[in-house]
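What follows are several structures.
Presented sequentially are two complexes of chain A, the first with chain B as partner and the second with chain C.
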Partner chain A sequence: MKKAQIQYMEMIFVLLILIVIIFLGMFLYFSFYTKSIEKKGEELLDIDATILTDSIVGMPEITCGLNCLDTLRIMLFDESKDSEYYKNIFRGMRIKVNRIYPTNAAQERCTTNNLDACGYFLITAGNPSENVEIIQSAVSLYYPESGKYEFGLIKIEVFK
Partner chain B sequence: MKRGQIEIIGLLMVVILISVIMLVALWFIIKPESDSLTVQRKGIEGKSILLTLMQTNYDRDRSFKDMIVECSKYDLVDAEHCNNSGVKDEIEVILNLIFNNKEYAFEIKKEVSVGNFISVIQIGSPITNPCRVNNVANHANINVDVVEKVSATLVLCSSTF
Partner chain C sequence: MDKKGVSMFPFVMMFVLIAGAIIIVFFFGFAKSVKTQGDFVNDLQVANLLERKLDSFTLAKNARNIFELPRISEVDIECRNGKTSIVVGESKRESFKLINAPRSFDNRRLIAWTLAWEYPFKIDNFYYLADNNVRFYFESVGGAGDMRNIIYNNLPTPPFTKFDRLPRNSLELNQADKNIVVYYNNRPSDAVFLSSKAKVIQVDIANNKVAFYRNDGNKDGEAEFFGLPMLYAAIFSEDFQEYGCVKDMAHERLKTMAAIYRLKAGNIRSSSECKIIFNLIGGKLANNDFTEDPIGSEFNSELSSLNQRLKGNGCPPLYLTL
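Take a look at the complex of A and B:
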């Protein structure tokens, strides 16, 4: 092999190694970039979840104070009275409040007729979707007739 | 400069370049998690659990807050009416229902003198080392009763509950 050929091959090898290094760097950069975007997405979902939970629990139609929902108001709540307004607030999400304590094995939706044996209150049925993340927060459930407070969990199905 | 020296300098530059890339990559990999919004949200969730718990009725006329304040008046870690009967067990029922086998730590403590606390009720993992499986601990703390100097702490170990 001539000297010129050896130098030519040497140059090709150097170029190849440089290209590998550049691609490795780009791969690392984009993998970290994707990871940071995913993390940002999760954080934005968390912000959205916090705002949503607070705004729903604070709705004057159903609230009874800080971190508290009036069960009678939830049962009487009817979003069809101003569907356009509530559509903007709920954005098609399903929102329900589970009764956690006192423990209760019932699974039925609570209405004014079955309050002693029901499992959850439905605020809005929303549009069913597979691609949802359920966010939940603790809330007090107030029963105005007895003046009692129960422990509940508000569950909001947020679209991903 | 001889050709051999130039090639050694070239090799050194490549080695330095690769080392810098590796160091930057390593910095990204081992960089500790910042106090992200998710962690802050967990703190808010913990606080809302504690506030809701205190407001919840223990029996017809008394809330958990009333019971806890009553318990703490005895200055006893194992006050019979707090630990062996209702209050502790009922709080444990609620927390187990919420966390569903996930790690957590809960403590009610009372300040008996400045900086000196006694534990009134303790549930779940030890409060000093709460998260053995998942190392991320989110602490939430509320004052149950300012006059009696009773406070409640809840430590969430998982990202979801």
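Take a look at the complex of A and C:
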């Protein structure tokens, strides 16, 4: 091969290396960018769930004031609601309210018949899935029959 | 290749040009997708922020505020298939709030107002959004105690811009991006339809009906309203379809709330004295189809007084007044 041909070959080789490096750089940048988008998506999902928690705690169907839930209305809500309409609202989430204080060892779902020995109220059962994001928030639980208040934890499981 | 005079330069140039073009196309596409995704995320953040700000109104009976958005965004409120959506650019946030807005906004400052809808127990809040480019014209305001007077005076100003007269001409109408013209007794005049920036409605207070007019002067539709908050929903909504959708959502909530309170009245464990009042309430709720305007209605005042009786007798109240 002549010298000039060798020089051309070298040039092509350098260009090829350069292109490979550029593509490698683009690939790395793209993968980092995708990761940052995924992170942003998770952050938005968190914000979405937090907003939803506030909205649900403030729903006139079950609220009794700021961060307060009327337990009797939670229990009756399930019987009264048009499930199709509320399916749009809850978007498949599972929402339950655990009784925290006074401490209670019971694990059963609360109904109008077992209020003295139950562990949680269910607002909506949702569609259980493995991939969930759980948002929790402290609430007051109001018992209209006795006029008493308890401390509870609303737990919203958002399916990704 | 070994021949003298055959140069590789054109091939190298072609190679460089093709590779360069591929790289440019890739970067261009990549930059475009970065911008689209960035805009989408920013728009979604604005929509989330707006919903958050509206959330702060949830427990209010009557409240207003000016929302400062982080940037100028095109904000639109839609109501489709039983849910409202806050649309910002390409992003959409679904909501179950009863939100009404007369137009899409491209303003950093949005005026928000809320009224609680009660029957007499609280059903939900109606939310009204506008900006300073929306003006309200009322045909007449009547005297003190007149419903027209209440409708006019309840609309808070500032922040809203309202007039107790009809627009003088189409020039005046063109000064704002949206003009909401509310007629009562008279049929809307043709002059008001000359501007495409006018939304014309006619309120029949006696029959709780509101008629929506198209820009060609023909009626788009007519619907009922139950209570002042729902009438303002008709005033603030973009058109007849949007109002119909929000009204149906509100009725769905009303049915659920009434059912919850009916069950509550039937299930609550209390003394026999309280039970008598709860049974009366249960009967009233079961016999009502909720098609009556709650303002001044017999049902409303009876239920309020029964709730007061419960409180007076030391019974748990049916509903709490927040």
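In the analysis below, the second predicted complex is superposed on the first by the 153 of 160 C-alpha atoms of A that agree within 3 Å, B and C clash if a C-alpha of one lies under 4 Å from a C-alpha of the other, contacts with A are read in each partner's own complex, and residues count from 1 in each chain.
As a working rule, a contact is a pair of C-beta atoms (placed from the backbone, for glycine too) under 8 Å apart; a residue touches a chain by one contact, two chains touch by 3 or more.
These figures come from a predicted structure and were not determined experimentally.
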**Message:** Once chain A of both complexes is superposed, is A:Leu66 in touch with chain B (first), chain C (second), both, or neither?
**Reply:** both
**Asked** A:Ile47 contacts which: chain B (first), chain C (second), both, neither?
**Response** both
**Message:** For the overlaid complexes, name the partner, chain B or chain C, with more touching residues on chain A.
**Reply:** C
**Asked** Which of the two partners, first being chain B and second being chain C, lies in contact with A:Ala125: first, second, both, or neither?
**Response** neither
**Request:** Please work out whether A:Val158 is in contact with chain B alone, chain C alone, both, or neither, and reply first, second, both or neither.
**Result:** neither
**Prompt:** So which bits of chain A does chain B touch that chain C touches too?
**Reply:** 47, 66
**Prompt:** If you look only at chain C, which of its residues touch chain A in the complex?
**Reply:** 1-2, 8, 12, 15-16, 19, 23, 26-27, 30, 34, 37, 41, 44-45, 48, 51-52, 55, 58-59, 81-83, 93-97, 122-124, 252-253, 255-257, 259-260, 263-264, 267-270, 316-317, 320, 322
**Prompt:** Of all residues in chain B, which touch chain A in the complex?
**Reply:** 14, 17-18, 21, 25, 28, 36-38, 41, 44-45, 48-49, 51-53, 55-57, 60, 63, 90, 93-94, 97-98, 161
**Prompt:** Considering the complex alone, what residue numbers of chain A touch chain C?
**Reply:** 2, 5, 8, 11-12, 15, 19, 22, 26, 30, 33, 37, 40, 44, 47-48, 51, 54-55, 58, 60-61, 63-66, 72-73, 76-77, 79-82, 85-86, 88-89, 91, 112, 144-145, 147
**Item:** List of chain A residues in touch with chain B within their complex
**Value:** 17, 21, 24-25, 28, 32, 39, 42-43, 46-47, 49-50, 66-68, 100-101, 103, 136-140, 148-153
